[in-house]
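Here chain A shows up in two complexes: once beside chain B, once beside chain C.
For the complex of A and B:
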């Protein structure tokens, strides 16, 4: 009775209006970038090598973690709320393994981040668990285990190899180079590998991907494994910088990383987004915070503006995808 | 069917439908439908798919505006421009799909959409009214506070009918209320429908189950090609005379001239069951042949395909592809074994609408396009070009979102992505031309035939006679989860229709003069 054939009209070629909608939102993006530049250029000391370095440095630690989160979000309507805790745990592993040397310590930290996050990914991917609920639970579990093992105290480095991460080749902190390199790697993986393409497909429509026989569970797990590794890289740099690690090492990183990914225009609904976008989002937030700092606004204002940026971008992305759908 | 007709007809015409006309684009869905329903009468609306029943129901329930004609209730012409307006005029609809909420209590479900409950629910008065409503459909044993989830499907359907009655209905429309119910559950529904009719309500009963139509209803209106063919008293009709009226001069036989060379057995299914949906389904598919499972909503035809595609975790039975056992319940396993599936729900379980056409065409064959996990651009674009050719879509559109295509072209992409793959042995399609226009339909039929010619075994489900007779070499009819019969060679359309609407021979039904023997040996014929 439901097979009455009604030609699906209206679905054909709405391209003109779609383009008009895209143009409108593109215009908003251009205006926003120009506005940031104008305000920046008119701000004292904004255009200087030292300041540029400062912006990139503050973008880099959040940015590396946000690259990991990008993998998770592209893979579909998911977000990890356990980033700070994963970073704290991996940071502790990194410092306490320093006696083995820098590289083994780094490997151990990455394994820690990857396993902890990959396990959550497997549950999300194979058992379709709600990622928000699951990662909140995981964040408590991680903190609990870490507190238990350390007795609640800070972990001090058992060697000095970590200091290599604090190097500043050519006057630029090492983490900036690492951010740029990892952005390139993640972008390449997303665009050019079969894994990347199935991640986009599963992220856009999980049921369709399942029915098409795509390995949704495996792809999701691999994405989360990659994300955990990237969290651990951020952890190593943060721990090396602080020369100590306790359960609060991650600070507000969870929400900073989410903000960076969203500010880059990657929608929370999955199936879209890229590493380059996330890099742009991290730099945008860092630049605006920097401008506010230079102009003497309080920390409260800086944090508030961060929220406004995220909100504006999300609304913009939504309007744009709505224009596409209609 | 153990129901006996105890008519509550009053002879007083309560509802009158006069010359209703409705077109969608160039398709004339309804061209002049007229009939009347008396107070207390159970009136059946019958017709094959596409006859216009759904559209008439939609116009009566305020979901579609008629292009012409009028509807009068109680002698007054009514304007039903929305579902709310229809409700105010006294029209209540119980839809095919259940729209009750399992997590709420029975009383809360009755409250949903009930205008009289208001913002502050005046609990006591409402409860008394709800109790009376439940009693009126025969749910005297069900407490108001029971969670709906503790009721069976049939009882839930009754709650939905009770809710519809709570809207002070003068006309109650039941659109295939028993399609997904068991016999026992259906009996509940019949009993309550009779009770409701006895209160003087006019009832329009839409059903594909012709046996139940004849046993339950007072009169039957038959539609064909958008027009009313006849309205007649059910007493004077038989299942066969009803089918004759529904079909008119329909295509009458499977066309054998086309039957291609058939190869080895590719897929063999033994004892496939899905609890409550499919009972002991067996079939063997040979390469180069097109097979169909024919059945209405709730017949299990669609469930058979979904189970074979690994999408039904509860499915049991032995499935073998090329003699190798395939574990059921895992889509990745089915896909790896060479089973490709085209869902009947293109939007949510088929295409990736925001993604480019090229991506959609290649989604199912990513591993063949990568070397060490890296996508080969050359192979990617070669494959896209090839498949666009297969689907006859302009090459320059490869990068457009697939959602920008027409429904027919989207469906071609959906089917096309399963073709020209070395690893696919069996192609399953659930209602492959649903919502596709005539042109797109012919193109998809061509794709399926050429797929069979290329050596695939093709199995599709359909409810449309024309499609079954046109496309399939072998048709398996299903009714209420059981295989009725397997047809190889010449078959009359009326026989197929009889089997999918009425099942096999029913020894308990005195109205059934035929003795066909239930469940003819499907396997012997095929393997």
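For the complex of A and C:
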């Protein structure tokens, strides 16, 4: 599958060792998942349909936003530190537009997220601006504008259409289905489209991609537009669940999403990673938190273990890719 | 870049930021009903004492070309350890905070320097883990500090404008300024931030230097958290992301470049004082918080866009694209210089 990421480089040796390196990191993820499963199976009440639903539900909102962040990270733009704020703003738009109906409100929220994030992507893509500082600036701007417009109060829904998003077809929350569907879509876009291929190459080596005539600026902008749309989907579900939205709607989502992407084994430097990995990362973190919860550990311990998982995966992925390079 | 020292961003940015906010501070009575007294100067320095250690800890790693997100985690842990271990003797609590900071910095520094890992994901993971640890230590609750004498001591007025807490923070900056400006360590720190490969070739001990920087960052952040919880008389397990973002804003206003290799402790002092003055102006004039946020957004936006490496070439390309008859040369796979 990774031949796609190295368009006609001519040399077979690097692509073969690359495949081996990726297989190794995949193996690590598999081992981690198996280890979690073993501990999980020995945990009382872990293996039950209700618990599986609980894990998937808690992974879904973070997971959808993390899919968006995956696009940004694959493109080599490091991270966005404005995810929580973008989600808060899109959620506010979504709820205040409820009087127009569910679909128009959803479209408006997605447009809001896409435009706000896409603008940042254009500056990163065309001018190579530092994404960390830029997204910090954006987070101030978004919160500032949102607070200014609302006077710092919560936005209440102007209609009831949003409740459709809280549906649980077959007993499983709608957002779980949406997460799985969006994972498939993002994976397909990354693997099977010209956009996906140039995103990987631009993330791997910006200068080489530019020298090869790839539209790096445009590709980055499109990736961020997609990311913003996915943040808005998370926003709509979060806002529908809370039935109110203020500037704190996003909570700790920025760091949760980064943790999910990193735990999936996607390196922060770009050029590698996939939507399926991110899904695995989000589910891994949710499953571990669930096991700790069932075993009676406090929220603090759950957060701490999440940090340790991310640290371990970052170190392992780095070691594997270094072994590949030498 | 420019020959005149004022033209360099490391000098120009903090000077402008501090100058503008100072003028705005002094002129507060002319554009609002509020008056400015020595208490407002004291208050500004208290805000400085709260955020200064974070800006310094983050700024030092940024000069070295790294980014230590974990400072806020260390800050929270330091505060919690001080409150929980320093009830009897305050020194025990402060030492625990500083020791924890040093240990965290050592572990991170060894990982980052030893395995040549990018610092952002490592320190992000540490940040999450430390917030969890702090929350686990306190059961997720805010812990209060009962030693009232200490609480009164750290914030008592000294020389009208200062408190022991702001004086300690100023001393940290003075020490950092001395080390950065007058020692080989300071020069080498900027060197590894500017061009790590070249400095390694030139014989700089990059590894130990990086470890030392992360230890310094951890110690400063731990001490900062310790002082904050002594001042508040309590420790909160989750300080939120606002302190980190303000510290990053202060470091950037202080002329530190995110690409590394640029910045000074005096510049950092200018940056954080600008942030503190701004916060005090907002308090005194009862300015809505969102106005300050928009101001920061604009400021950072200008910094990042002006600093963007490809801005000029992007503008040139844009002009070329808009001009007539400028079809792009199609990509030729065989010439792809992929390495």
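The rule is simple: the second predicted complex is superposed on the first by the 294 of 326 C-alpha atoms of A that agree within 3 Å, B and C clash if a C-alpha of one lies under 4 Å from a C-alpha of the other, contacts with A are read in each partner's own complex, and residues count from 1 in each chain.
Convention: contacts are C-beta pairs under 8 Å (C-beta built on N, C-alpha and C of every residue); 3 or more make two chains touch, one makes a residue touch a chain.
Since the structure is predicted, the reported quantities are computational estimates derived from the model, not experimental observations.
Of the two partner chains placed around the shared chain by superposition, chain B is the only one that A:197 touches, whereas chain C remains out of contact. Once chain A of one complex is fitted onto chain A of the other, the partner contacts of A:214 extend to both chain B and chain C.
In the overlay built on the shared chain, the residue A:50 is in contact with neither chain B nor chain C. Within the superposed three-chain model, A:205 lies in touch with chain B and with chain C [touch as defined at top]. In the superposition on chain A, A:271 contacts chain B only, with no contact to chain C.
Legend: residue contacts after superposition of the two complexes on their common chain; A:305 is shown touching chain C, with no touch to chain B. The partner that reaches more residues of chain A, of the two candidates chain B and chain C, is C. Contacts of A:139 after superposition on the shared chain: chain C is touched, whereas chain B is not.
Shared contact residues on chain A (touching chain B in one structure, chain C in the other): 6-9, 201, 204-205, 208, 211-215. Contact residues of chain C toward chain A in the complex are 67, 111, 115-118, 120-122, 124-140, 237, 241, 245, 248-249, 252, 258-259, 288-294, 296-301, 303-305, 307-311, 314, 318, 328-339.
For chain A in complex with chain B, the residues that touch the partner chain are 1-9, 11-15, 18, 192-195, 197-198, 200-201, 204-205, 207-215, 271-272, 321, 324-325. Contacts from chain A toward chain C in the complex involve residues 6-10, 78-79, 81, 123, 126-130, 132-134, 136-141, 143-148, 152, 201, 204-205, 208, 211-215, 217, 254-255, 258-259, 262, 267-269, 298-308, 310-311, 314-315, 318-319, 322. Chain contact summary for the complex, chain B toward chain A: residues 24-27, 29, 49-50, 52-55, 96, 175-176, 206, 208, 297, 309, 311, 331-332, 334-336, 340-341, 343, 348-355, 359, 363-364, 366-367, 369-370, 373-375, 400-401, 403-408, 410, 417, 431, 433-438, 441, 463-464.
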